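Heads up, there are several structures right after this.
Each of the next two complexes has chain A plus one more chain, namely chain B in the first and chain C in the second.
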Partner chain A sequence: MTDIIAASVLAAVPLLLAALGGIIAERAGVLNIGLEGMMLSAALVAAWVAASAATEVAGIAAAVGIGLVLGLSLGGIMVALRGDQVVVGIAFNILALGLTSYALDVITGRGGLQALSVPSGSIRARIPGLADIPWIGAFFDQHYLAYVAYALVPILFYALFRTGLGTRLRACGEFAEGARATGLNVLRTRILAMGASGVLAALAGAYLVVGDIRLFQQNMSGGRGYIALAVIILGRWAPFGSLGAAALFGASVAISFDVQARGVGIPSQVVIAMPYIVTLIAIAIAGKRARPPAEEGRPLQLSN
Partner chain B sequence: MNVVPGSSANGPAGTGRSLSVKGLVKHFGRVKANDGIDVSFSSGEVHALLGENGAGKSTLIKILAGVYHQDSGEILIDGQPVRIDNPSHARRHGIAVVHQHSTLIPRLSVVENVSLQEGGAGPLDRTLAQRLVSTAERLGFELDPSSDVETLTVGDRQRVEIARAFLADARFIILDEPTTILAPTERDALFGLLARLASEAVGVVFVTHHLREAIENSERMTVLRRGTVVGHFKRAAIPSERELVRLMVGELDLAGRSLAQTDAPRTDETTTECIRIAGVSGAPEDGRPLHGLDLSIRRGEVLGIAGVEGNGQQELAALLTGAWAPAVGSIELEGRPLKNVPSGERIKLLGDVPDDHMFATADELTVWENVGLSEMAWWRARTPLNTRFFRQVARERVREFDIRTPSVDGLVGQLSGGNRRRVVIARELSKQLKILVASYPTKGLDVRSAEQVKRWTRELAESGTAVVYMSSELEELIEVSDRIAVLARGRIAGVLATGEATVDTIGALMLGATGVRATGGPEITPSGREDGPDSPSGQS
Partner chain C sequence: MAKTPSASSVALEPDGPQPGLRPGSDAPLARYVGSAVKGTFWTAGALIVSLAILAPLLVAGGANVIDGYAELFSATFGSFFGFGLMLVASVPLILIGLGVAVPFRAGLFNIGGEGQLLMGALLAVYVTTAAWGGGPGAFFIPLVVGFLGGAIVGGLPGVLKAWRGVNEIVTTIMLNFIVLFFIQWLLTGSLRAEDQTFAASEAANRGFRLDRLVGGHLPLGFVIAVGVAIVVYWLAQHTRAGWRQRLVGLNLRLSARQGISVPRQYFVALALGGGLAGLGGAAELIGNQFRIGPNFSPGWGFTAVAIALLARGNMLAVVPVAMFFGLLQNGESSLQANLGIPGNLVLALAAAPVIIVAAVIGYCSYRRAIMEPPDD
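And then the complex of A and B:
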């Protein structure tokens, strides 16, 4: 059981981080399909820099930097240049997959796998006391980025719903024309929201590397960025909701691993497809009641 | 007493502060929306800005709000010229505008909406809700700061916007047509609130085209027509209502001109009835009520609809186009109840040129797609052959209707307003119409275009179509119509045939529309006033 919980957290943390990033963008009115590509790019950068600098922290910092740059640039294209948000996001994801695969070949060709391996070191940060509680102790014996993810849930909730900043952000995502009439700079707000979104997606990508296999692999995000979009919908664009949804998806991944390991007589392909099947079912169920921010995905068109 | 933000040295409010404009000019393309406007507003006073559609009221307000910037002329506060380049500038100068359509964010709560303006980026101010409630109390109404704006009525939203402006120490609160979206009871409440604001030393300006509203609720009144000020009155010196109507709709020199002088009668007894409306009462959603409306429109005639705007024109258009099916009364198209005509057939038979072209074109589609929109169907899929056909047809219509576009492949959204209207007219007039409903089709058009629209309308009628033509220009109505029906408070105040229709006779009926004449029909204000025997109170 402890194993399943540990595996659930491992699977849920990147989904949660990416989903929180997605929430920031979508609440401001931008549909950030590029979460997937941002995760993947950040994962590569995290591994590469961590390997080169021989410290994990440098890798994470570099990933955050690239996430910010990617978020702001994609935001610029989607918001300022009014590129179609879905098309730009998907095109970016395809580009990111191609570029990271190519970079993987080049870097491993030159320096071998070592060039993309995070140097060894303790990746667990046990919280004394809490980690010893049976079962749920597994939540407190994780990589420190997992605690960052836990903490971000209430922080983002507070920022979105209890501060002026969050209120402004939501105003831009609900009614751009009205937000502008009250004197807000909708364009700037949305681009900055995309920047923040990129940073969180990058943390998710970095976690894939440093929190788990400590190595970069081709397409290692494996569609998690897309699942994060489903997590957002299921969590109704709210941080705590997304925490629950991410936990559900994490658990479905962990259980499918467990089932595979026990060798139950189900074809392994079906088992591997579990998280995606759960996604489809969850969205189908939640779809009716889901009510996205009114301006989500709409290009910014203000009179004058 | 409130203190003006950023200029607290000026001391308490209400010490003769004024907001004025001098020689304000604003063009939109070739249309002069504001043509040298001079007007001055003072604090502590309710000032009505009166004028017909397109008189330039909204443009003036949008300039003061910082939404538009004037081509020339200046804005002065207490005699000092100020620059207003954007909405925040306006607010800094103490000018708050309540636009016709609410700018509140629907899915944020009332207090969150107010905090967008009041608060910083940090934690929300917990005292704001309380301050908002007490502001509302001071202004004489209640509000729940925690409810979501989307759950509020339009009247509540308006009050929230007013409270927000007052809380922000606005010195001048300007309301753009605040009553058009309100139910009659809410209108009374609004004017009570405006008077309250004035007593708090706020300068209140409201835009209206309802004469009575202006007369009853303002201390000062400015009448605009065609972008200029044509009259300016204090409460004590307001001229006769008839005079005001003439100022608003203009063409004083036309008095006495009759239909007989324009053309021979173009309909005769042999033409058959196209549309019959019998006893229609009630109101569409967000509309004003019609009361026992009877109207018959014959094939091949142009029936002009006169009346001060907001007396049932929109509702009549909705009725005729089938957008609204009334609960009381009937409407028949050549003997068939309109509601029994399938919508596919209706689209082919009923032409609609709405008064706002924004609702009538698909701006992201090309000119040829828009022109052919109503003829496209699944069996006319976008094969190269069909596309060629549609583009060819569109090219002809572009020529025929003089649409100024680089090519038929240009996006309609990139055309000017007048050309977009031409696209709509081209589309509607290419159908085999039984009836065309043209709502203010020449609004905002320059003289040449307006002449063309009138000519096309006549030609269409001569080909046997029944045309319902609404306009705020009496001269234009007399010129284009065979008969003119005057709408007043949701009723037909009279139908004038050839020879009877003059600016005077129409004006007299329109005066009834403003409710000035004691002999007018029952009031639509449901304030328990004595209604006539034919009162519509049965349907509440």
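And then the complex of A and C:
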């Protein structure tokens, strides 16, 4: 059971972080399809800097930096220049896939090592006391970025639904012209929301590298940015809802690994494909009931 | 308070987002569908940008920029043989590009080209390695079967989008992974050829393979791909069915008023798009690689998205744009072999200009919208 929980957390944390980033952007009215590319770019930067500087923290810091830059740049293109959010997001993801693959070959030397390793270090930060609780103790024996993810759920809920800042942000996503009429700078709010979204997506990408296998591989985000979009829909654009949805995905991955480990004849490819199958089924069931913020994907057609 | 309409749907803005439709805008992609002349201008500019972006990548890869460009172009224009290779490389790009452009005209994004082409190629392998060795005209069978395979993989997101309102971007990309892992699983067992060092299927029987015409320089697959592009263009521009598809992409509310079933059009668009991508996979299989392995596609499904966007949904423009990226794909192999440049160049070169074009189109239509307030 402890193993299943540990594996669930490992799979759920990047989805949760990326989904929280997506929620901030979508609540402000910007559909951030670029989560996937942001995760992938940040994962490469985290691995590269951590490997060169020989410290993990430098890698995470660099990843956060690149996430902020990417979020603000994409935000500028989507919000200020009114580039179609879906077109820009998808093109950015393809660009990130191409550039990270190219850069990986350049960094590691072509024909050489095809993965970029991070020096081994303290992967886990045990929380004394809590980690000793039977069963759920596994939740508190994780990489410290996992605790950041846990903490962000209530923090983001409070910030979005209980503060003036959150109300203004949501106003930009539900009724932008009205928000602007009250004197709110909709464009700036949306671009900054994209910056925050990029930072969280970057943490998700960094976690893939430092929290788990400690190396970078080509296309290692493996569609998690898109699964995070599904997590957002299933979680009804709310932090706690996304926590539940991410936990569902994490558990499905962990259980399928566990079943396979017990020697039941499931091919490993089916286990690897589980998150994608679960996403497909879950999003099909959620279907029409999902209702996004009213202004999502719609550029502000006013000069602000 | 009246909403400010987007430039493309001035008089027919809906009252608000409708369930099951992409929120916020009635005609999400209409701005990207260009008229022929304007489209050519934009596309040519974007392709030049794409070539310019190559320079810093060559430097990063450790090559001389002049040598790099020389190598890139001589790979295609240096010999008839090289030109034929470019045409071969263009075949899957044209067909899968059409597979993205068709749903795009109906306002939908098909980023599942990878899964669809793999399914098309997989079914084509089963047909072409069966007992019958093939014969004249037998290539038609794997192409039809490949189309059906792709149509099934594209049709599922189509059903979910049409009747459950599920976002097609997420479902198509999930199916990419599911089909890829399915094929990898098959390659560990029944599909794998015994005599191959790497995991790969049996080779397609010779009787099914696509010939090369005109002294071996003109691949038959290229002729087929261009023919399909012309047929799809004709269907889109000159038939009632194509008109319905385009109207759904341009204005949902008007479509509904005209009695068009939007869900049915969504399903048809994604199934047809998937079928075209599957056709691309099958044509690549019987025209070039003959076997399917885990690295069958170098990301054509994604390059095709950029191709369709740069062609701005114009089915005929897909052909030259795809040939341009066929040229880059062909040059990439030769850059890898002769100058030691890493692979994976084409994806970045295809995607970067799309972002620029999107920003320019977005900004121009926004300027137009605020300069000329519509009468409402």
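Definition applied: the second predicted complex is superposed on the first by the 289 of 304 C-alpha atoms of A that agree within 3 Å, B and C clash if a C-alpha of one lies under 4 Å from a C-alpha of the other, contacts with A are read in each partner's own complex, and residues count from 1 in each chain.
Just so it is clear, contacts are C-beta pairs under 8 Å (C-beta built on N, C-alpha and C of every residue); 3 or more make two chains touch, one makes a residue touch a chain.
Quick caveat, the model's predicted, so the values are computed rather than measured.
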{"item": "Chain B versus chain C as contact partner of A:53, first or second or both or neither", "value": "neither"}
{"item": "First (chain B), second (chain C), both or neither touched by A:92", "value": "second"}
{"item": "Touching partner for A:255 - first (chain B), second (chain C), both, neither", "value": "neither"}
{"item": "Partner chain(s) touched by A:215 [first = chain B, second = chain C, both, neither]", "value": "neither"}
{"item": "Comparison of chain B and chain C by chain A residues contacted", "value": "C"}
{"item": "Contacts of A:33 with chain B and chain C, given as first, second, both or neither", "value": "second"}
{"item": "Chain B versus chain C as contact partner of A:294, first or second or both or neither", "value": "both"}
{"item": "First (chain B), second (chain C), both or neither touched by A:131", "value": "neither"}
{"item": "First, second, both or neither for A:178, with chain B first and chain C second", "value": "both"}
{"item": "Overlapping contact positions on chain A, where the chain C interface meets the chain B interface", "value": "177-178, 293-294, 303"}
{"item": "Contact footprint of chain C on chain A as seen in their complex", "value": "33, 77, 81-84, 86-88, 90-92, 94-95, 97-99, 101-103, 105-106, 110, 177-178, 218, 222-223, 226-227, 229-230, 233, 267, 269-270, 272-273, 276-277, 279-280, 283-284, 286-288, 290-299, 301-303"}
{"item": "Complex interface listing, chain B residues touching chain A", "value": "67-68, 86-88, 91, 99, 102-108, 112-113, 115-117, 119-124"}
{"item": "List of chain A residues in touch with chain B within their complex", "value": "162-165, 167-168, 170-171, 174-175, 177-184, 293-294, 303-304"}
{"item": "Footprint of chain A on chain C - complex, ascending", "value": "1, 3-6, 16-17, 19-20, 22-25, 28-29, 31-32, 57, 60-62, 109, 111, 160, 164-167, 169-171, 173-178, 181-182, 184-185, 188, 299, 302-303, 305-306, 309, 340-352, 354-355, 358-359, 361-363, 365-366, 369-370"}
